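Right, one structure below, let's go through it.
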Amino acid sequence: MELIQEAVPTGFAYLAPWLVFAPLLGLLINLLFGQRFSERMIGLVASLASGAAFIVSVLLASTVSANHGEAIRWQLAEWIHIGTLSLDWTFRIDSLSTTMMLVVSGVGTLIHIYAIGYMHEDVRFKNDPGRFARFFVFLNLFIAAMMILVSGDSYLMLFVGWEGVGLCSFLLIGFWYELDTLGRPSWANSNAAKKAFITNRIGDFGFLIAGFIMFWALGSFQFDEVFEAAQTASPGFIVAITLFMLIGVAGKSAQIPLYVWLPDAMAGPTPVSALIHAATMVTAGVYLITRSAELYTLVPQAQYIVAMTGAVTALFAATIAVGQYDIKKVLAYSTISQLGFMVAAVGMGAFVAGMFHLITHAFFKALLFLSAGSVILGMERGHHNLAHGHNNDHAHGEGSNEEGGHGDSHGEVFDPGDMRNMGGLRRTMPVTYWLYMIGTLALAGIFPFAGFWSKDEILLDASLHYPIVYLLLSIAAFFTAFYMGRQIWMVFFGGHRSEAAAHAVESKPIITVPLMVLAALSVLGGALNLPFEGFHQLGHWLEYTLHEVESLALDYGVAGISTVLALAAIALSWFIYGRNPLRTGQPDPLKGPLGMFFTGMENKWFVDEGYFATIINPFKKLSQFLADVIDWRFWHDWFHETVIAGTYNWVSNIALNRYADQQGIDRFANGLGDVTQWLSAGARRIQNGFVRSYALSVLLGVVLILGYLILR
Amino acid sequence: MVEINYYIILSAVLFTIGALGVLVRRNALIIFMSIELMLNSANLAMVAFGSVLESFSGQIFVFFVIAVAAAEVAVGLALIVEIFKSKRSIDVDQMNSMKG
Amino acid sequence: MNLDLILFLVLAVVAVATAIGMLLSRNAVYSALFLVLNFITVAVFYLLLGAPFIAMAQVTVYAGAIMVLFLFVIMLLGAESLPKAEVLPWQKPLAVILGFVLIAEAAYLLITRARPLGQIAPPGDAANDPLTLQQLGMSLFQDYLLPFEVTSILLLVAMVGAIVLIRKERRVH
Amino acid sequence: MTIQVDLTPILPLTFLVVWACVLLLVDLFIPDDRKGITAALSALGLALTLGWTLTQIGREPLAAFNGMVVLDGFAVFVNALLLVSGLLGIALSFGYIKRMKIERGEYYTLMLFSIAGMMLMAQASDLIVVFLALELLSIPLYVLAAFDRPRTESEEAGLKYFLLGAFATGFVVYGTALVYGATGTTSLGAIVEFLGSNGNPSLLLTIGAALILVGLGFKIAAVPFHMWTPDVYQGAPTAVTAFMSSGAKIAGFAALLRVFATAFPSLAVDMTGVLWAISALTMILGNLVAISQSNIKRMLAYSSIAHAGYILMAFVPYGNPEVASVSVAAGLFYLVAYAITNFGTWGVVIALERAEGRGLEIRDYAGLGRKYPALAAAMTIFMLSLIGLPPTIGLVGKLYLFRAVIAGGFTGLAIIGVLTSLISAYYYLRVVVTMYMQEGDPQRSRESFLDLTTAFTAVVTVLVSIVPQYLFAWASSAVLRLF
Amino acid sequence: MNFFLQPLTLLTFFPLLGVLVLLFIPSDNKNALRWVTLITTLVTFGLSLWVLGMFDASNPDLQQVAQYDWIQVAGWNIQYYLGVDGLSILLILLTAFLTPISILSTWTSIEERVKDFMIFFLLLEVGMTGVFLAQDLFLFYIFWEFTLVPMYFLIGIWGGPRRVYAAIKFFLYTMAGSILMLLAILWLGIYGGTFSVPDLIAQGNIPAGVQTWLFLAFTAAFAIKVPMWPLHSWLPDAHVEAPTAGSVILAGVLLKMGTYGFLRFNIPLFPQAALQAAPWIALFATIGIIYGAAVSYAQGDVKKLVAYSSVSHLGFVMLGMFALNSQGVAGAILQMVNHGLSTGALFLLVGMIYEQTHTREIKVYGGLWKITPVFGAIFLIVSLSSMGLPGLNGFVGEFTILLGAFGSQAIGNAWYAAISALGVIMAAVYILYMFQKMFLGPQGEIVDEVKTHGHGIRDLNWREIATVAPLLLFIFWIGLYPRPFFALMAPSVDKLVAALQTAALAMP
């Protein structure tokens, strides 16, 4: 590595550690003084920390471009050195990692700012303002971990960040660990958090195994060395590595079969959903595959599997999204589906397309989630104003502090996230409506929004290499546009289906401004990599790292088809949901025509239930069985108490006519009590106090000894 | 002429009878007598050997054994009398207040 | 079949018979008397074996002193016989079996395995052979001085013990 | 003709006997409430004898009475041990017999006579002397066991011990007769010569030796000749029990060792198996039955049976010249270890015993750790030593033994040994558990000598485990001459 | 140098000085007793740091050796032989480090018979240090058995309701193993002519057949102590019944004596046997990992859960050790330390909450984090370290172990490591289950129950924080920058591995 560092001027590389330290610093400050700070102060510190990371990322990016994309490796410290194993805390600054840094810290900072406003109200609705600081601590921790992930120079350091973000998502999903999504006391949220962590761990298991094979087959964890060794290694190993890595990807990027945690993850506060479960963390898998491009490109068969996984996930999730009522759930499944797109892309080797979609998706999905959050807040306000007859939510904040949890404060439970309670918000929350609209169009892939360009590139690649993938993705795209349309109509159009919707209030600037920035990005994000000669900026940028990338020209056929599909889907959704809006309590109009199919979509195709039946419950039963029956009753009680201790005591009692006295250790000695009793009759004879039988034993001894001596 | 082995066998028989006496009788005194019988049989063997080997030590040993027997009798009878005083019986089967 | 042998056999029969008598008789007095007879028979054996001194000792000390002591105690305690109460039903048979095994072992040993130990010389009238007695006495006080002294101590100890056991309670209070 | 005898080898012994006889007379003039004087005097006698004996260390072995007694390193070692035991025994008895209202002068004289018998046993090198010594040590013990008359247990103990002892003596006598018949002599030296001259031993000799083994095995309480032990130990006055559980064992082993190692090494081929079996049986049975005892005296009785088994292990390889000396030295060392620990244990028992045999159940020890920490600590040390755990002499002794046995090639026996000592942990620990982990209100009687003894033994138990080398050295030098 | 001034001798026996002082303090003056003990242990820790300061990390052999003839008569060749090297230095430090912490934890929890408690604890420290330092088998055995006694009292007197049972079981099981080892030791002493481990290794002429037997005998002792599946049955009892400090030391140090024994004696003394046994040990270790994890998931008692997790964790240690390559062994050693820190800390924390609630039933807890934020945070960190989250100590150990085991020739195939890696998932399952049920979710009934008896559950006080803080420090340090720790052991580990390779070549 010294070589490299000598080769190129390191520029701002020395700042690299601050990618991690800045957020950690913010974290520490808030951790120590959070209780004394005002909310604004806390938010400011956290946002500054994240902002600093963003600035550093920009500087690093500039350095990279100054070096014509030469990778810079900046060693902070040594980590583990044993025998041939040598691991260091080394940052890798190249076009790919800086891209991720920019996305993460950029979107991250925006969401920090947004969260100041959002959490201010959220903690009051949940009656625990004290928790405000904690949220930003976790958020900063996440930024730090994510930075480690994207800036690591070896698979292991990547893994550190990988698990770190897992932890953060655990903490943030379980942020309201004592409640459920509706604010009632329950285990729901903590269960969701646990589920997320464990599912991720399953993925990490794959990652670990991949790492082990990598080390023993390729002899290192450091990217360059691995890739170099891979050229000569036997493909068998590479296939194993890449596929095990795929398990990790499936865990982190919510692909089949490990996607199940993501929808539940919506239990976390909305900014979390936006940042972690839409924009950044979940894309780590895509980043991993892109990073390992040189491995995947060696083994087409593995690539194919990856691509298929992505495509199938994309379609599958999209179908489920159609059946959801919770505004965030819809977005969650949409995220899974979009991640499917990306995975499919990188699987096909269209790494640039994948990264491109990753970026644009980060913009518009963050936008959507945050807007959804704004909608929910609006509903909440409406609901509460209703309950309290005034719309000063600060006063209300204290007001509801006396009451117990939010749910039980008014008779029936009100779900502010349920689209069936919404409707007509176009009028009550205009800003949010427009922002949401932009996000929707971007996601649906309507020209000229960002989503159009990135998705189109993926489809184009697919159409060239993997027809099946292309087919699946196109259908997925159709569904995407459909469920987004459905959402728009249900949420913003038609009449108010609840009082809350009627009284919903538009959010304050601190919330809407970041949204506008994101909206702008969602509109213009396509410019990053326009499919025209000389406009492949992202392509060229990443080329430094990914070496050969194919930059395709726009194919009007593919683009046209996808656009038509999208428009058709939206039209269809209008036909179903927009033309005659849903009325309160009316079941989804698709229920009738689709029947079983819709119930399936509604219930996520019963995958969770399936997992419970096949894996989780059996494991619970098994461990119960092992613990109670095998280990305790059989091994501990029966074997050790009865057999060992019992025999022990029993043997001693044969020579005797009495039980061992039941003293301190009687517990240890009450082994074969009955057998003892039964035998003691015969045993009574031996030490019986009769001189004559004592003499008998002496004589017996004599006779035996003489017999032995004579006969031997 | 008599084979010495005859004497030995005779002594062995007497010894065994003595031992049996200890084993089967309950009267402490008779048990004690049986023990004396055992000693006697030993003496018989001793003297027999001695006369073959034509050395005195056999006889002398017997002499000591007799002396010791006398000593034992003194103590033994004292014990038995003492027991009888307190137990009003010399049945050894009644002397099992301790067991196990 | 010579005379010694016949004599031996007769005496042997008497000895065993008296011994068994001692073993079996219900009454302790009879047992004692049987034992006296047995001792006397043994004494005769001693004579046959050319050990007159031991024979005398046997008759005087054993048959005379010791057994009389026994009889005396029996009478004193009035413990001629015990009530029939066998608490150890299996003791007798087991003992008898063991006894027979023991005898069998001894016989096997002496008849089949042991080297022939030689003949018993016919008893010259050793009864009043001064030399022999003298030798005996000499070796008793020369070679066997220590055992002799020890025996004296032993008797002393036995005496003390007996006294300690029988003496009236004089417990300190 | 004149009789000249060389008394030197038995001078200490003679002195002790004479002292005892004199004391017997003096005692008549000591008032009943001042029997302490007798105790002191007898202790003095023992002390003097001990001093005398210790001067004999390292001297050339002496024989006298044409080889009926010897005074060699072995005898000196054993005698010293016996005399120490005697002193400890008296220290334990002094307060105890007063407390139990059985204080009589003869108690001490009888004890002295018994010790004299034991010493003679250690020195005897002629079967006749062995036999007489055996009687000399036993008869006083019979009386002492019954000393607490008319307490039924005590009397019964006396009678049982006597009847069975006499029974066993019968075997010794008969065995001696057979040996005499086979070799024409009773002197150990002569026997060796005889065997040396005419080849392999006759079966007659073997049987004789076996019968002697039976008699001595009875004294050391080896299975299956052990059954008197629990009853006698329980019935006898505790101080007596303490004394005989050590003294008689030591003497018995000494004689066994002397007889077999010097006279019958050629019988090893036959005897090894027997010894092996007896030792194994003794360890197993002693330890197993001890588990289920609730009376501390009985428990200790079985424990002493078990330990007889351990010591016997040392004699199993006695026929194998290169390890014999080591293993016998190990045996001696273990005897010391056992004697010391044993006296300490009994000291604690005596301290807690109250009139008419109360305070002898293990459960009476509950709460000792809280009420009398020092006493409990001492008892814990003794228990650890009996189990064979650091930091106690018991561990060192066991290691020494097992090492010898393994070196002799009897690994199987060693395995039995360790397994049984694991079993033993089970019941020894129970005492500790009761003392420390159960609530109760034990009563101890404070007697200066008693406390002194307990403290002394406890200290020795720990100290010797840290610096065992000197004792090792002495023990191994003591046996060198035997082979 | 003067006998008592040798660093190692001083380190080993210094606590006895404390015992001496304690003896003269009246037993009702509890605080004095506590302070004296605390200071003693702290000084001992200081001594261990002194030893560390003089430790030459580049030297693979024994250092600061204290060697004297002890018992040289009657064919014995026993030495007083202490020494420290890369294999033991960390464990020495761990011992000296955990003891004062445990003492701190007893400050308010032990009110009964404080004097005895402190004395036993100091004696225990002597024994443990001796075990890790002794280089003479005889000496080692004495220390080894000696540790039994104080621990037995600690459990038996100050333990829970079934303490006596647990104590005796602990005692008998451990002893059962060690007596077989005793025979093996004696055998070595007789045929090697010495008990000194380095000399025996140097001779190294033990025939292969015998090696197997001796290996098994030693294994009996160590496997029970570790405890390796299926010999773990004493562990839950001992842990559940023991007082907090006892559990901490038991988990933190005593169990390591077993694993250390394998490392110090089994592998170097019987290399060929070790190589042959590696697959089997790996098998049992793997079973232990999975089994332990599964069983702890089903526990309703916190302490039991942690106890079973130890079975799983030490399975990792055994797996790594018998990978018999540098990664595995080094990882195993580090993991010993890690387990000491993490599990020790867990027991401490559990003890702290138990002190307030007097129940270990998981189901009665819940929502604690809201009431005790600091406690919750610390508990979370410790739990994460115990489930091997990267950046914390647990990961470094487990990762290196699995890495080593995965490519180990001795074990022969990667399956054991792969399956054991599943244990990492299961660790997450039971640890998170514990954390969730205690700290997340709605408030548990215990909270109000405690409120009814005076003030409710309080957060950690400063003493308690001070008790755990050092552990946390190391949890992070080892997790982020383990280099110095590996550096300490590396030369010795390489030496060991090299010796094994030569042995492997010598094998038919």
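Descriptive notes on the structure:
All chains are identified by letter, namely A, B, C, D and E, in their written order; residue positions are counted from 1 within each chain.
Convention: a residue touches a chain if its C-beta (ideal position, glycine included) is under 8 Å from a C-beta of that chain, and two chains touch if they have at least 3 such contacts.
Keep in mind that what you see is a predicted model, and the values were worked out from it rather than measured.
Shared contact partners of chain C and chain E are A, D.
Chain pair with the most C-beta contact pairs: B-C.
Centrality by Cα centroid goes to chain E. Chain geometry summary: the mean Cα position of chain A and that of chain C are 101 Å apart. For this pair, chain C with chain D, the centres built from the Cα atoms lie 31 Å apart.
Mean C-alpha position of chain B lies 65 Å from that of chain E. The distance from the centre of chain A to the centre of chain E, each centre being the mean of the chain's C-alpha atoms, comes to 35 Å.
Contacts with at least two other chains are made by residues 87-88, 91, 95, 98, 102, 109, 113-114, 117, 143-144, 147, 151, 154, 157-158, 161, 165 of chain C. In chain E, the residues touching two or more other chains are 164, 168. Residue positions of chain A touching 2 or more other chains: 656, 658, 664-665, 687, 689-693, 695-696, 699-700, 702, 706, 710. Pairwise, the chains that make contact are A-B, A-C, A-D, A-E, B-C, B-D, C-D, D-E.
Residues 326, 329, 369-370, 373, 384, 389-391, 395, 399-400, 402-403, 406-407, 411, 414-415, 418-419, 421-422, 425-426, 429, 433, 436-438, 468-469, 472-473, 475-476 of chain D are the ones touching chain E in the complex. Residues of chain D touching chain A in their complex: 159-160, 163-164, 167-168, 171, 203, 206-207, 210-211, 213-214, 217-218, 223-225, 227-228, 230-231, 270, 273-274, 285, 288-292, 294, 362-363, 423, 426, 429-430, 433-434, 437-438. Within the complex formed with chain A, the chain B residues making contact are 19, 22-26, 31, 92-93, 95-100. In the complex of the two chains, the chain C residues touching chain D come out as 109, 113-115, 117, 138, 141-147, 150-151, 153-154, 156-158, 160-161, 163-165, 169-173.
Of all residues in chain E, those touching chain D in their complex are 70-76, 113, 116, 138, 142-143, 145-146, 148-149, 152-153, 156-157, 163-164, 167-168, 171-172, 175-176, 179-180, 182-183, 186-187, 189-190.
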